[in-house]
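Structures given as structure tokens follow.
You will see two complexes here that share chain A, one where it goes with chain B and one where it goes with chain C.
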Partner chain A sequence: MLNSDIFVGGKQWENTEENKLPNNIPEVDEVGATSAPLLSASYYIGDKCKPFNDDFMQCKNENNGGELNCLKEGRRVTRCAISVLKDINKYCFDEFKLHYDCLEQNNQYFNRCRSSEHLLSKCVLTNLNLKKVVPGVKDQIQDKQYPIYKTDSNDIKQVQQFLKSKETNSN
Partner chain B sequence: MPVPFEGLLPYAIMTAFFGLAGHGVQFIRYWDNGWKNDRYNLDEFDEKMMQRDFYLTGVKRGQQSDPIAPEEFKTIQQIPQRYWTPYRDQYFVLRERLFRGYVFGDWNWQ
Partner chain C sequence: MQDLPPIGGYEPIQWKRNLPTRGYRPSIYFWGIVGIMSFGFYRVYHMNDEQRELTRERNWARFHLQPLLTAEDDRNLVRRYLAELERQNLVKENLTPEARDKFEKELYNDKSKFRFPRYTAGTSPSESS
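Now for the complex of A and B:
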């Protein structure tokens, strides 16, 4: 007590929230996925959460940025993203990990990881019925047969290994 | 006229040592990134996301795909440490000159 009164810096630091949010704002869990998994799942999140995202952006446009007015819409966006990530982790965990590991090895460039992306998109389409669509473009780059920027050879190798091990496990 | 191999030995040695230095640094960087390649061409958003990754995983270049972040993540903050001195901003030492941009020519004389 005396120590903390006299000497500056005598306060014992604890990780507790002292300025809590008011009660009228509901609690929401934050998204726990890091950058590469988020980027890998981004188009699927966009596919499923488009109405929530549009709603949030409209609210922001109408409320001059809407930092306080759009909390409810923002929470819906967060919850929707979490639900997609949960589903992907449940049904396509291995494919998902293959893709985001490849992204992480290749500076998070989509063009180097097309083979694992195809694997993931197939799994997501069958299990979650979500599809990657790049907006505003007629020719979807991920569906191109011979893109200018080639897939990383390591990625192709790892996908082949993955498919082989899957076959041997199923037999 | 054929060149005797003794004449080329210094070049071989130079090439070998330059190669060792370059590949050695590259290997150390790869190891330091957690057996991952370097990131490059990063913008502000990428830096921000890498900071967020660090808060979530606790290691440099760590990745995880958990849907929900732990409770502490909501209020996490990083406090940068500074060396303590009773004469902060009073003596004109090289460290302070560097810090204030005197050395590289953007010192504010006002």
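Now for the complex of A and C:
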């Protein structure tokens, strides 16, 4: 490698650790979702996992960072988030995909993807009974009827296509 | 003999310019601009309101995700810390008693809280092959 020839030290120093956690700490699956799906599901995760999240953050707050002390709470948080993502994938995968694809295409702006968001929230509400609520205000921004920052036209088109194909499939 | 004005007086002098007036009354332009700008500022007011809400929405999305991201990162930190302890034990086996005492000396005198090691004893990566 050119890099190692030029610089003194001459060794690739990677900041990684190959050792596994010891066996007395129970193993847990990692979430493994990328930013757009996580952002898309964030409010549903927050709705369902609020007690676990609060528990974890409180534990960390009381234990000065609490990396060693709050592993149990952390595992609960992760398991809960995974369960939400699994449920969404099971019942609303198409709507979910439509929304996070849109977020991915639109710089992860929520306001550009309202069409698919409404579709997803309807599906999630009927199947999982989870609701997106931004705390602190009565008029939710996602339900604003005539927003100034408008939905991406591409998103509207894709949602219409999706609804049409769904109708033809059901007939 | 004195020169006198003509009988019946001089013609009236035209002192005013005789140009055609262009456009509307000035007040119409003034109020027109005021109207357009008021509408603009009205829109800006509502846009700012909406932008603030969008920012809040974005922040709350992050707040809901933060515990799960932190939990994952903490697990990684703990894993690295425990592996570091294990490695230190391996190093300790081959040390003389004096060197071992020096090696085991605490980095921090303050025992009120736990700190992850920022600096550890060991060989630098350039020396180890």
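General observations
Going forward, the second predicted complex is superposed on the first by the 153 of 171 C-alpha atoms of A that agree within 3 Å, B and C clash if a C-alpha of one lies under 4 Å from a C-alpha of the other, contacts with A are read in each partner's own complex, and residues count from 1 in each chain.
Simple rule for what comes next: a contact is a pair of C-beta atoms (placed from the backbone, for glycine too) under 8 Å apart; a residue touches a chain by one contact, two chains touch by 3 or more.
Because the structure is predicted, anything quoted here is derived from the model rather than measured.
Of the two partner chains placed by superposition, only chain C is touched by A:Thr78; chain B is not. Look at A:Pro22: by the touch rule set out above, it reaches chain C but stays clear of chain B. Shared-chain residue A:Tyr100: touches chain B; no touch with chain C.
In the superposition on chain A, contact is made by A:Lys86 with chain B only, not with chain C. Once the two complexes are laid over each other on the shared chain, residue contacts for A:Glu30 go to chain B and to chain C alike. By the touch criterion defined above, A:Val134 reaches chain C but does not reach chain B.
Counting residues of chain A touched by each partner, chain B versus chain C, the larger count belongs to C. When the two complexes are superposed on chain A, the residues of chain A that touch both chain B and chain C are 17, 30-31, 38. Contacts from chain B toward chain A in the complex involve residues 36-41, 46, 49-50, 52-53, 56-57, 61-70, 72-75.
Taken in their complex, chain A has these residues touching chain C: 8-11, 13, 17, 19-22, 25, 28, 30-31, 38-39, 42-43, 45-46, 49, 52-53, 56-57, 60, 64-68, 70-71, 73-75, 77-78, 81, 109-111, 134-137, 141-142, 144, 147-149. Across the complex, chain A is touched by residues 43, 46-47, 50-51, 53-54, 56-58, 60-68, 70-72, 74-83, 86, 113-114, 116, 125-126 of chain C.
Taken together, the chain A residues at the contact with chain B in this complex read 15, 17, 29-38, 82-83, 85-86, 88-89, 93, 96-97, 100-101, 104-108.
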